[in-house]
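These notes are about the structure you will find just below.
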Amino acid sequence: MSQSLGLAGLGEPGLIAVFVSAILFAIGVIGVMIRRNAIIVFMCIELMLNAANIALVAFSRMHGVEGQIFVFFVMAVAAAEAAVGLAIIIAIFRHYEVVDLDRFRLLKW
Amino acid sequence: MRKASDVRVFDFATHGSQWLALLPEVILSLAAMSILLHDAFSRSKDPAGGEEERRASIDYLLTMYGIAAAFIASLWLSDGSAAPDALIAVDGFRVAADLILLGGAALVVVISRDYLARENIRSPEYHALLLFALVGMLVLVAARDLILLFVGLELMSIAVYVLTGIVRNDPRSSEASLKYFIVGAFASAFLVYGIALLYGATGTTRLAAAAPAIAASVAGGDLLLTAGIGLLIIGFAFKIAAVPFHMWTPDAYEGAPTPVTAFMATGVKAAAFVALLRVLTVDLGGAREIWIGPIQWLAILTMIIPNMIALAQENVKRMLAYSSVAHAGYLLVGVAAASALGRAASLFYLAAYTVMTIGSFAIIYHVAGKGDRGGFVEDYRGLGWKRPWLAMGLLIFLLSLAGFPPTAGFVGKLYLLRAAVAADEIALAVTLVLTSLIAYYYYLRIVWKMYFDSAPADAVEPAKSEPGFRWAIAGSAIALIIGGILPGAVIERAEDAVAVGAAEANASRSVQALDSEIGAVQEEIPSAETQTP
Amino acid sequence: MAIYDSHWILTLLILIPVFGGMACLVLPEARAKHVALVTTTVLFVLSLPLFWTFDQSEAGFQNVVSIPWIDAWGISYSVGIDGISILMVLLTTFIMPLAVAGSFSYITKRERAFYAMLLFLTTGMIGVFVALDLFLFYVFWEIMLIPMYFLIGVWGGERRIYSAVKFFLYTAAGSLLMLVAIVALAYLNHTATGTWSFAYDEFLALEIAGRTQLWLFTGFALAFAIKVPMFPFHTWLPDAHVEAPTAGSVVLAGVLLKMGIYGFLRFALPLLPQAATHPTVLSVMLMLGLIGILYGAWVAAVQPDAKKLVAYTSVAHLGFIVIGVFGLTTQGIEGGILQMVNHGVSTGALFLLIGMLYERRHTREIADFGGIAKVMPVFAFALVVVGLSSIGLPGTNGFVGEFLILVGTFQTHPWIAAIAATGVIFAACYMLPMVQRMLFNSLDRDENRQLLDLNRRERLILVPFLVLIVLMGVWPGPFLNRTRASVDALLVRMQTAGTVGAEVVRQRQEPPPVAFRSNAEGE
Amino acid sequence: MVSQVFQEGAATNFHPVLPFLILLFPLLGALINGCGAFLWRNDKMVPALIGPGALIAAFIVVLLNFLGMSSAELHGAEISHLWTWIESGDLRIGVDLQFDQLSMLMCLIITGVGSLIHIYSVAYMREDPGFSRYFAYLNLFVFFMLILVLGASLPLMFVGWEGVGLCSYLLIGFWYDNKDFANAGKKAFIVNRIGDAGFLIAMFMLYVAFGTLDFVPIVESAGGQLAYGGLLVTGITLLLFLGCTGKSAQIPLYTWLPDAMAGPTPVSALIHAATMVTAGVYLIARLSVLFALAPVSQGVVAAVGAGTALFAATIAIQQYDIKKVLAYSTISQLGYMFLAVGVGAYTAGVFHLMTHAFFKALLFLGAGAVIHTVHHAWDHGGGDAHHHGDPNDMRNHGGMKAFMPKTWIFMWVATLAIAGVAPFAGFFSKDEIIWNAGGFGYPILWGVALVTAVLTAIYMTRLMVMTFHGKNRTFGHDSTDGAKHIHEVPALMWVPLGVLAVLSFVGGWVNIPEGLSLPIHVDWFHHWLEPVFEPALLVAEEHGIHVAHASPVGGGEALWAGISTLLAVIAVVVTFRTLRARAVPTEAEATPPTGFARLLYDKWYVDELYDRMIVRPSLALWRGCWKIVDTAIIDGIVNGVGQGTKLLGWAGGQIQSGRVTTYLVMFMLGVLLVLGVLG
């Protein structure tokens, strides 16, 4: 079947926004891959979420408000996630005194 | 299925009807909050005395009542219906899922009681979080809108992250929750991005309504849609712990308090699967040829690899963790079938799987003893003759997990096989049986330790269990046997449920959907054959 | 005998052991053996009249009960017997009481569980033989594994765990593939008729393409070949036999091994006739059978362990049955069925005898004995008679079966049968040396001089075997007659199926072109 | 015209009287004595009465039937149906007894000679603890032997065929606590089974060809069914003959018979001389028509027969064990019979079968008497160790005629009979065989037969001389206490010898061919068996085969009969004189012979050959199957798969390193996979 991008209705700026979001997402992924520090890894994940937000907003140019509403949900959830996440990191910091992901190896194999 | 006359229709025109449609969720949330409030106000000055115990048991009761009420509520919903493109699904599929989840949760709560007392986990949030997670699951299975789906998913996940790490003074627990959290967050990012792309491709987050758009973009080979579906699958693959997104599972399962592990292994997985089934095989049913590839691959990998790794496990808890990953693989076969038959099979299997998994985890934490760190295969030597009933329970759960007649596990496996064969997924079917052969070995290993070896002199007798626990185990075991000998009723319920789902899927006017689902209505020829030109 | 008209007898046979087993589990340890004995005896007495009430002119199923079970899948609880299964059912009910009685002094620990397992096993075995719904069949087929797994694993010898697991996985491997084949059949049936069903007779009506038949046949054949066991899938058998307790070995050899053949006769052949009569399939099966005969005998001949020796002889005997069945002639198949019973009787008895010896000396090494005929004349007599029936001496049951098998197969595959006939030589080569080295030669070991001859219980156990050995040897008519109608029906089905079938039943339509017939009638 | 014959046969007025009794008596005897072996072990009275009694009773019934038959004009066979044995498809095998002249004759021999031997056994086995067991076996043997000859179909005959094999096995290994004896029994059974396999296959071929396995229809329709000299009939007959070589101890399967002498001597007389070993001859006679149709097979049978006769005779010359000598002599005489039935002189074969039954039984029983005596002498005479050698060894006998004159005389009668000296029984039967061998155009075999006749005379005379003549060596050379302990056997033993001696003398007179141009000529025997062999003879006739009236080198029957007798007499006399002169060393001081004699003494090393060529290689092969194929390869694969999977699992587990970062990497790989395989 012929492949198409399906971004027809998206205007110039929207298109740019989508690509930005894609790049941002990629950066986030790479960050997660290469960093060892739990906090930073988590931040990179936030980056990915925001990339998604940008994409949503961009698409809502094409499809109307639904996307923007979603963005708010994502933000809210991300906030909750951050709260819990940091709490967890603190909890484990109590045990190990470090936040280096590769140091947590009690559970393996 | 039911006649149109006595169907309770939720049109969502009035606000009330939405609340009613969400009644189980609402009830559970109220229960959870009331628990939080209750122990907020019943903080006693001196932790000494029966205070703690009393509060614990009140929490316990509140939780059970809440779940029971929710159960009744979803039964009440079972003869309701809503428009196919409604925000919240009101259909047999959801109700069936609700019942499975609620039942599972109830079991978990019951078996937790001993555990919490033994490990002396006093934090009252335990039950609250469990309920919130449950709410998330129910929302997840009810969602017809990707936004709602995302919210439900996160609600569930976040609560479970915390539950995993609830034993704060145990590094393993914290480590487990961290691993789970990091990977989970990573995955949900993919999910969100996937949803975004899907939204971009279809212009709506309410896929049921988007059938034409999907059809169009499938026809047009729209990359946006394809990528979106891909990311969506990845997001779910993490939740259902499909290989290779499963790496966190063994660690998280091992590190988490065993009842929570049971909850994760059943509730989370079940909810995610039901959502996946609805999204892929119903809403995106028209795009089967897009997503079937990844699903098949995940299924095969998920069946083979964990089963093999489980062979080499000495720690029973971890072994069961791997085995539950493998079961996700079996369930993926049901997804790949992409038919009403497949959905019904998955529902049945989920029900059986929930019971037998929780049961076995309960027994192994019981055998592991205080600290929940033992539980090596060697510790089971001679158990069969020392604690015959406990062992017999475990025996039944293991046989069911292995898919051996006469247990529900066997019927479920056969059900999945049937779906796979009917969908012409012979390769998957064969993989399924061959991998379950591998699985026989490590399940049997525990059995032979229990019965063929005699206990060493210094073996520690597992503590006596409290009646509730015993009833739960006995009940589950008997349920599995009955489910294996007389599964008729359950099967009919499952097929009924998906039949509704299918009927409504028809309503979404999509050529592909129509084709692939008509079949489904009278569980039909492989959808593969019925692709439109 | 109202019950035998009301058909529920088979269901009773299936249910009684379950309750008996539960009774064993709950009653006091000392009572278990008696409960088991009573249960199995009742079972036998109940089943015996089947032999007379059975209508041998009827090719179809009798005492049929069919009630819907899992409607959604069109699965029904349907049981019945025909000429192929009746002897198997009776064999089972005949062996069980003796196996139980044979364990009275052998089993000393965990008796409750032991006898319960034996009884559950009985349910499974009878179920397999009477099930007319493939789902039901498969359930029984699998259920049997668990009690056997326990029998070997808990009450077995040193390497019991290895053997038990080997047995379990080996057999399970086959049956899982069979499960796929069954489901596939059900699905084919569904596409043909639009309804789901696992009923045997519905599958019989199916028209299946040749290629598909081959695939399905492979699925079934593997499961059955492992169960038989056919070379090269036989290695689980010696281990299982050696490690299993006497009763386990008796049941294993007496009944379980028959299920493979029974499966071929009941399912693989009639359901997939084209595949079964496919020249390649036939020659493969016949070759494997033939190899089994020779190979089994050869390996048996050099075994130092009496029990292992007998185990390998089973491979040889079952090889005979396989070529009899796949020779696809009346004599071959009837002989095969008869030989299944014979093997059950004689090998069962052999294992009992070896068990009795093991109880006394706690060794099975042939070399540890010698000359014990002097101190155990009754034992010696029994062992010789049983051994001779096992090597098919005319006048014993073994001969009738082997003879029919060979006569039958010779008509379609002369060379196979001719080579198989040399099996009688090798049979002598494994049985006589064992008999000699155990019973004869000089009684030179003190521990052998102390041996006590069989006690009353043991003699009583052996009597039925000996009677049957002679009876079936000189008057097999009653047994053969009951199989006839069903076997002929099967053969007609095979004949209409394939090219091979045509010549198969040649000798059944046109009378042999012999002149004397006419003037013989003339006289 | 074949059918006409049978039309008449149908019209006969002979009906067997109480046929089943013939079988029932020995069977009951066996059962009672069998119970006795367990219940009243030490009571010698019951077996002593039941054992011989059953035989005599059977003999009487047989005699009645025989008289009835001879008074009636019977062609074809009378079948008495007892019950249906095997019925499957169109294969119907009844338990039917076939009464015709041949089976009647055999029954007479079996029960008659059998009775004598049973009586003899009572005394011979008197002191054996297994007395009752012995008679149980012996009766059982007779039962099976009668089934063998009376069975109306091949399978039923096969029952007897293997049944007698079983009893032979049990009786050879009767003293089973002696390893060699037990081995001998086992060897006999296994070797016989080789032949039986041939028998079985032949049966299958017959069934395919005829659709039945009953003798009557086969014999009747053979001519029409099978092409003369066709491959099928040749195959069938050769396979049948393989069976015969096993049962009747012919090359190449004869090796079991000499070992079989391990059994009690009366057993050797009954089973390994008079009855069982002749079953092969009987089988060929029974199915003579098939062999008549297969000239090739006939040639083979005749050649093997003659060859065996000569071969065994040569060995017999150098044996010292009296029973071994007789054993090889038996093999040799059986060779004669096969030569006869091979060339087509069926009557001659059966005739020799009968006479041989008389004199060979006599010889064995006589030998038994000697052994018995020596044994006793040693037991009672006590004496030092070296006396307790092998009572069978002729070097421990010598000069017995002084102590046991009756036995001595009887033995000489038998010796002259077997040597073929007129007018003893052996003369007539053997002469007819030799004559026919020449007459049917087998000059070489004819020569062989003549030579063998001479050898027979020689080794038998040697036996007589070493045993009965010269000085007694039982207690060493120079010892006089032999007289004290060696004495004639009791009447219970010598009376049967006497009866047999008479038979060995007159037994041949039932058939005095006019070719001998003696004053009297009797062809009763020929006439008696005529109907049985008629079909075969007809076939031969149709294909222009007939007896020539001159020997291969000219001269009539009378002349050559004279010559052979003369040769025999000369051989006897010469041997007697030469050996009388020679001093024989006792077993103890004897040294094994050297040169060619050694070769004969060691029986041409055939046993060793078989051991190296067949026994050891197959055992090695079988071990290989077990250790290599089974354990190493098949189980190796099975366990290998298991271990391999486990190993893979362990390896997979190692990836589960515990590092989240690894998990994330795997995650990304998964992402790539999913995106890669998207449709």
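A, B, C and D label the chains in the order they appear, each numbered from 1.
Please note the rule applied: contacts are C-beta pairs under 8 Å (C-beta built on N, C-alpha and C of every residue); 3 or more make two chains touch, one makes a residue touch a chain.
None of the values given here were measured: they were computed from a predicted structure.
Chemist: Counting C-beta pairs in contact, does B-D beat A-B or the other way around?
Modeler: A-B
Chemist: Once you find the CA centre of subunit B and the CA centre of subunit D, what distance in Å lies between them?
Modeler: 80
Chemist: How far is the middle of subunit A from the middle of subunit B, if each middle is the mean of its Cα atoms, in Å?
Modeler: Measuring from centre to centre gives 26 Å for this pair.
Chemist: With chain centres defined as C-alpha means, what is the inter-centre distance between subunit B and subunit C in Å?
Modeler: About 44 Å separates the centre of subunit B from that of subunit C.
Chemist: How many angstrom lie between the CA centroids of subunit A and subunit D, rounded to a whole number?
Modeler: 98
Chemist: Residues of subunit C that touch two or more other chains: which are they?
Modeler: 169
Chemist: Mark out which residues of subunit D touch at least two other chains, giving numbers and ranges.
Modeler: Within subunit D, residues 642, 653, 656, 658, 660, 664 contact more than one other chain.
Chemist: Can you list the residues of subunit B that touch 2 or more other chains?
Modeler: Each of 178-179, 182, 186, 190, 250-251, 441 in subunit B touches at least two other chains.
Chemist: Going by the touch definition at the top, which pairs of chains touch each other?
Modeler: Chain-chain contacts present: A-B, A-D, B-C, B-D, C-D.
Chemist: Which part of subunit A faces subunit D closely enough to touch in the complex?
Modeler: Residues in contact with subunit D: 29, 32-33, 36, 101-102, 104-109.
Chemist: In the complex, go through subunit B and note every residue touching subunit D.
Modeler: 178-179, 182-183, 186-187, 190, 226-227, 229-230, 233-234, 237-238, 243-245, 247-248, 250-251, 289-294, 296-298, 305, 307-313, 438, 441
Chemist: In the complex of these two chains, what residues of subunit C are touching subunit B?
Modeler: 69-73, 110, 135, 138-139, 142-143, 146, 149-150, 153-154, 160-161, 164-165, 168-169, 172-173, 176-177, 179-180, 183-184, 186-187, 190-191, 194, 196
Chemist: Spell out the part of subunit A that touches subunit B in their complex, as residue ranges.
Modeler: 1-7, 10, 18, 21, 25, 28, 32, 38, 41-42, 45, 48-49, 51-52, 55-56, 58-59, 62-64, 66-67, 69-70, 73-74, 77, 80-81, 84-85, 87-89, 91-92, 94-96, 101, 104, 106-109
Chemist: Would you tell me which residues of subunit D are touching subunit C in their complex?
Modeler: 3, 6-7, 10, 37-38, 83-91, 95, 155, 158-159, 161-163, 166, 169, 173, 176-179, 182-183, 185-186, 189-190, 193-194, 196-197, 200-201, 203-205, 207-208, 210-212, 216-217, 220-221, 224-225, 618-619, 621-623, 625-626, 629-630, 634-635, 638, 642
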